[in-house]
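Before I ask anything, let me first share the structure, which is written out below as structure tokens.
As written, the chains take the letters A, B, C, D and E, and residue 1 is the first residue of each chain.
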Amino acid sequence: MDSVAAAVEGSDSELLQVKDLHAWYGESHVLHGIDLVVRRGECVTLLGRNGAGRTTTLRAILGLTGRRTGSIRLNGRETIGLATHRIARLGIGYCPEERGIFASLTTEENLLLPPLIAPGGLSLDEIYQMFPNLLERRSSPGTRLSGGEQQMLAMARILRTGAKLLLLDEITEGLAPVIVQTLGRVIRELKVRGFTIVLVEQNFRFAAPLADRHYVIEHGRVAEVVTHAELGSKMDQLQEILGV
Amino acid sequence: AFSQAKVSDGIVKIGVLTDLSGLYSDLAGPGSVLAAQMAIDDFRAETKGGAPFKIEIVSADHLNKGDIAANRAREWFERDNVDMIADLVTTSTALAVMPIAQKLGKITIVSGAASTLITNEQCTENNVHWTYDTYALANGTGRAVVKQGGDSWYFLTADYAFGHSLEKDTGAVVQASGGKVLGAVRHPFPGTDFSSFLLKAQASGAKVIGLANAGTDTTNSIRQASEFGITPKQQLAGLLMFVSDVHSLGPKVAGGMYLTETFYWDLNEQTRAWSKRFFDKQKRMPTMVHAGVYSGVLHYLRSVAATGTDDAKAVMGRMRATPVNDFFAPGARIREDGRLIKDAYLFQVKTPAESKGPWDLYHLRQTIPADQAWQPLADSRCALVTKKK
Amino acid sequence: MAELLGITPQALFGQLLVGLINGSFYAILSLGLAIIFGLLNIINFTHGAQYMMGAFIAWIGFYKLGEWVGNPDLVVNYWWSLLLAPLAVGAFGILIEKTLLKRLYHLDHLYGLLLTFGIALICEGLFRTWFGISGLRYDVPAQLTGGQNLGFMFMPNYRAWVVVASLAVCFVTWFVIERTKLGSYLRAGTENPRLLQAFGINVPLMITLTYGYGVALAAFAGVLAAPIFQVNPLMGSNLIIVVFAVVVIGGMGSIAGAIVTGVGLGLIEGVVKSGVIATVIDKATSGSPIVAQAIYPVKLLFQPEASAVIIFVVMVIVLLVRPAGLFGREK
Amino acid sequence: MTEDLILETRGLTKEFKGFIAVNDVGMRIRRGTIHALIGPNGAGKTTTFNLLTKFHAPTRGTILFNGQDITTEKPAQIARRGIVRSFQISAVFPHLTVLENVRIALQRKLGLSFQFWRSERVLDQLNGRAMELLDAVDLGRFADLATVKLPYGRKRALEIATTLALDPEMMLLDEPMAGMGHEDVGRVTALIRKVAANRTILMVEHHLSVVEELGDTITVLARGAVLAEGTYAEVSSNPLVREAYIGVSDG
Amino acid sequence: MNVRVNGTLLGIALLLVVGLIAPLLVYPTFMMKVWCFALFACAFNLLLGYTGLLSFGHAAFLSVGGYLAGHACKAWGFTPELGILLGTCAGGAVGYVFGWLAIRRSGIYFAMITLALSQMIYFVWLQAPFTGGEDGLQGVPRGRAFGLIDLDNIYAMYYFVFAVFMAGFLLIYRTIHSPFGQVLKSIRENEPRAISLGYDVDRFKVLAFTLSAALSGTAGATKTLVFQLASLSDAHWHMSGEVVLMTLLGGLGTVFGPVVGALLVITLQNQLPQGVGAWVPVIMGSIFVVCVTAFRRGIVGELQALFRR
């Protein structure tokens, strides 16, 4: 039912629309005019070399960088002037590159931490089913988990909140291949459930089959947009830019 | 006989070095500066047509710290040609400034500081200890309290030189008058909570708890003693209390206590007249320190005028040779060790029923004559005295 | 038994009770510091000044406010002060946070220490110029005058109230932080405020209110202290360094730790002040002068006069044995 | 028993409050090889590293380095013995220049680091060697740049150069490729191969292609214990390993 | 690089000229005080500016140097240079112990621990038999430097103090630019990495702390000779705050900043107390607030930034 609703809405509206986004860290100008569009229920990836500005794009959407200019519309609403927590409340779940697990909270407290911002999130049981490791270590302090376990936790906790737009940064980093496969399945399932996903990935082989569209970022600009269908024909070009 | 040329640069410059902002600013501080100014005014009036030399006054805050006092004194003497420094509220500042003055040929008139060190081990030729000292306090209050039946003592002592010396002096007096000293507890300085020390004093069972401390330490101890129900079962003796402390405690808390001072505004016609002038400007009654500063400065100026020079040796000689003549210390003399010898007074604080106004605080219980009030010269440890012997 | 130790039980228990009272001040102040440190990562050097301001506001409300506003009948009594002074000082704290501290979050935390040190100097200096330094009297509220004869000592009612009130406030604070959702936000915000905000929580507001609350705790302690100690511009700066040592001993790891350490150290001070330990050492070594000689420096530390340093000594020992503090988390 | 072992662990165990993270691990690392440590998340790889470099104390077991028991030594001692680790998060001195970063590492051997009365010019003698190392990782032209300004992959390269400056007998690399772009992965792999000549490397890595290419011996950990050991081919065909780690349909 | 070195040389030359002619223009005792505090601030800067350790208890070392040198000169008849040497060593020794204890924690904790330890020293001075407690150690003789130069002559004393300052200053300058200084910088930047390179970081920190404390002891000893007394205010935590202020105001981590800062703060203190009394802490506090919020590079730091542009 969810997916039907998503499909209906998705047909007419763009969930996220970024125009001419510039962002700075202190003095250094990192994003030089990013443009991208994500429709409801889509999965898009941001590809690029290290330091190209993909993480910064996600952070800028949430207002976590220093100064930023341009336009970021969520559901048609301009958010560039809003404080971070207000933007998040509009329905964004963010899984940061550095994971950001809280040491003073247990695994379960970490899971329960992000407030529910909309109905329709996964239940705790569903989450534990998805990531059995977490169930086993549920009462252990968050940062005592292994690197990979922390990665799962970071991903899992935003699924509960009901946020429909997920910004996922390098979620496969440091994960065992088995888990990476699991994550692939999770993302497919999320898409089916109507989540919209922006994925920053190094692991092109992971991202390629999942995404509807790929944005290639270079020096803080969108250098190329490749749709799923064009993937075959543009492979060479991608290879050159990304060194895949 | 006066020749202007003998006064260095034609100006007699008086520095009032005092506590302008701290713990003792009420009992000395701005009031001391005012008192010095009043002395200058009165001296000018005396010499009619204005003084035969220019008089200037400077003042500074020594923040009760020896180093700051020494620093400032050195600067005043070396750079600004100050001739005499008055007040010096804490023992530490007095002891820091005295040797500098001695070395540079200048004069100090200590009013605020209490320790008998000033006229004993650390005495100097160019210094007068004007107003009071721990010996006189101990002698007055200690003896009186023993006489009233308070013959077993326990001390609550501020843990530094001044407190130690007050404790020692009082203990000696108590024993000499037939009392017993059961012990002492020393509290950190400045103290905040005295309850635990008071409890020890209470446990000692002594009839009298002697407060060998000063300022807020004393007032705090007194209030907490009443809070813990120690008074009135046991009696407190404030060994160094100024009228300003009693004023802030109020007769309700302090009523009935004995204390020794060398001055009280309501002693006689002259003291009342002078104090009223002081009160009009300062909105508080003068303490003995204020009166002492006035008296010292006036005596100094008269001696300068009489000798026609501001040379320390000459002026000091003159100061020692002539008796003081004012409301504070009529007829008093300066002893070899630098001690001003005058009467002291034993007071008892009025109870709320007896007190008729915010500053009506003391009954005069006894005048301690000058020859009994101070440490006998025979006991002196001052080199100026012992050398002669 | 205490009699055997050469000291009456009265004296010992009396000192312990006094220690408990001091301990509750340590607890409530170190708790405030710990909360602020937790979320803002700043050691609030102004804490002592804010404690002092709490006391002063109570004093002003009682003795001066009426005069100032030209209505001598207006008196803010103790109980209202207990509520209003924390609010006022808390508001002042919020102002500081909003205007000054806020600018420092992206910098090394040491700047926060320096800034609050500067503010402490200013506050103290201002109150010194306005009110002098000789200390002002604040009377115990009528409802709490007098005391109970506990047999071994006379316990002033007011002091008993101080212990009860401060421990109650500490407990409530502990409960909120350790046992509620709000508390888990606080703990998370302590570690990574930006991320917490990215989850949709209004972290800047949380930080502001936390600082306000921590400061209000200090002011609350100040009002409690006013009738015990004189109201004095320097009352806080003398206390705050001891509280810093308490914080180092407890470690900032846990709220409960701050409370327990505070109370515990107050009691230790009490024991030292009673002289019990020094007496015990005397007794134990009375047989052999050589041992007595050898142990003399140790004994010095337990002389009643040494109560001012005993907390620092404990701090050194704790640092040697458990650098992270008794309740601190190892990093 | 004729193998030339540089590092050996016997019964190495680490418990965290009742949770056994590393369980009775015996590893034998031969001199001059690249030894890879792989395993599922939470298997205890990082913990093993921490035990070897003394960032944690083992609960039980011994660690032998060149036949000597080093179980109770301190981190800095371990480093001076010639075991140097890299961090999972990049570790450079951001406000020193690239050259100075390397020189700090070279400087220790000179033995004058406590000499606060000498001019820093005595350090210029190290510049040549430092440049050599930088050139080896292709950073020569950045020598005078402040290190903050380097992109991520180059920082990793710098870190390796710094580590090499210590001329360690043994290098421990924890996920050297984590977060690295593909072009960097290739370069760093080549770099590791290059520096592996005449030293021993122990690495944790999740990029199987890298493990395949570099690893002479591979130890697979699972749930704190050794699951399998052998060459890549042996290990990757082990069904237990496939199930626990690699997954069914990789590639 | 070259420009910077020349700038430093120029600065040192300027310092020398100012130092040599100052007593002709300004009251010499005032300048002696400035040099003592400048040395103190430079020593402090070695620790905070170049090692990244904020000690909030540096007053302890100033007072250790001051009291011991004072006592030695007064009671044991030490010559001034021996007194200063003793003060230096004593400051260093106490600094070693403090450092050894305090490095167990870092950051803010470090600051709080040093503060608490220095408060302990304060109580020691309060109680110790030879310090005169609240009264201070009074009447320290200036004596004859090297048995020859009579320091009761104000100019002789001045140049003696200036020489001590310059020696300390140059030593600090050298330390910053030594192999040791390089390691300190790397520790400040990334401590775990420095450990993993095999540096026993704690020993470096302790040595830096000891050096800084020893030079603070030098400053304290010299100050005692200048004023002929040592007092508790040297050990009070306000003094520790003051040295932070001097360093911050002048420019943290700059060679000349602490000197400029000391000059300003001392001038301010000397000008203000006449009449304004309790406003001194208010003004000092305000400077702190301004420095921290708006002016973090300090005067020298801002000037450098200006020139580099």
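FYI, a residue touches a chain if its C-beta (ideal position, glycine included) is under 8 Å from a C-beta of that chain, and two chains touch if they have at least 3 such contacts.
On a predicted model such as this, the values are computed, not experimentally measured, just so you know.
Note on connectivity: the fewest chain-to-chain touch steps from chain A to chain E number 2.
Touching chain A and chain D at once is no chain at all. Distances between chain centres, each the mean of the C-alpha atoms, put B farthest from chain A. Averaging C-alpha coordinates per chain places the centre of chain B 76 Å away from that of chain D.
Centre to centre, using the average C-alpha position, chain C and chain D are separated by 48 Å. Chain centres here are Cα averages; for chain C and chain E they lie 32 Å apart. Each chain gets a centre from the mean of its Cα atoms; for chain B and chain C, those two points are 37 Å apart. Within chain B, the positions touching two or more other chains are listed as 21, 25, 159, 188. Each of the following residues of chain E touches two or more other chains: 123, 127, 277-278.
Taken pair by pair, the chains that touch are A-C, A-D, B-C, B-E, C-E, D-E. The touching residues of chain D, counted against chain A in their complex, run 16, 19, 39-46, 88, 151-153, 175, 178-184, 186, 206, 208, 244-250.
Listed in rising order, the residues of chain E touching chain B in the complex are 27, 29-30, 33, 123, 126-127, 132-136, 138-139, 154, 227-234, 273-275, 277-278.
Looking at the complex, you find that chain C touches chain B at residues 8, 10-11, 14-15, 18-19, 21-22, 128-129, 132-137, 140, 147, 149, 153-154, 156, 158-159, 228-230, 232, 234-235, 238-239, 270, 273-275, 304-305, 307-308. Interface residues of chain A, counted against chain D in their complex, comprise 48-51, 97, 133, 137, 140, 144-149, 151-152, 170, 173-181, 202, 204, 242-244.
Across the complex, chain A is touched by residues 184-185, 187-188, 190-192, 194-204, 329 of chain C.
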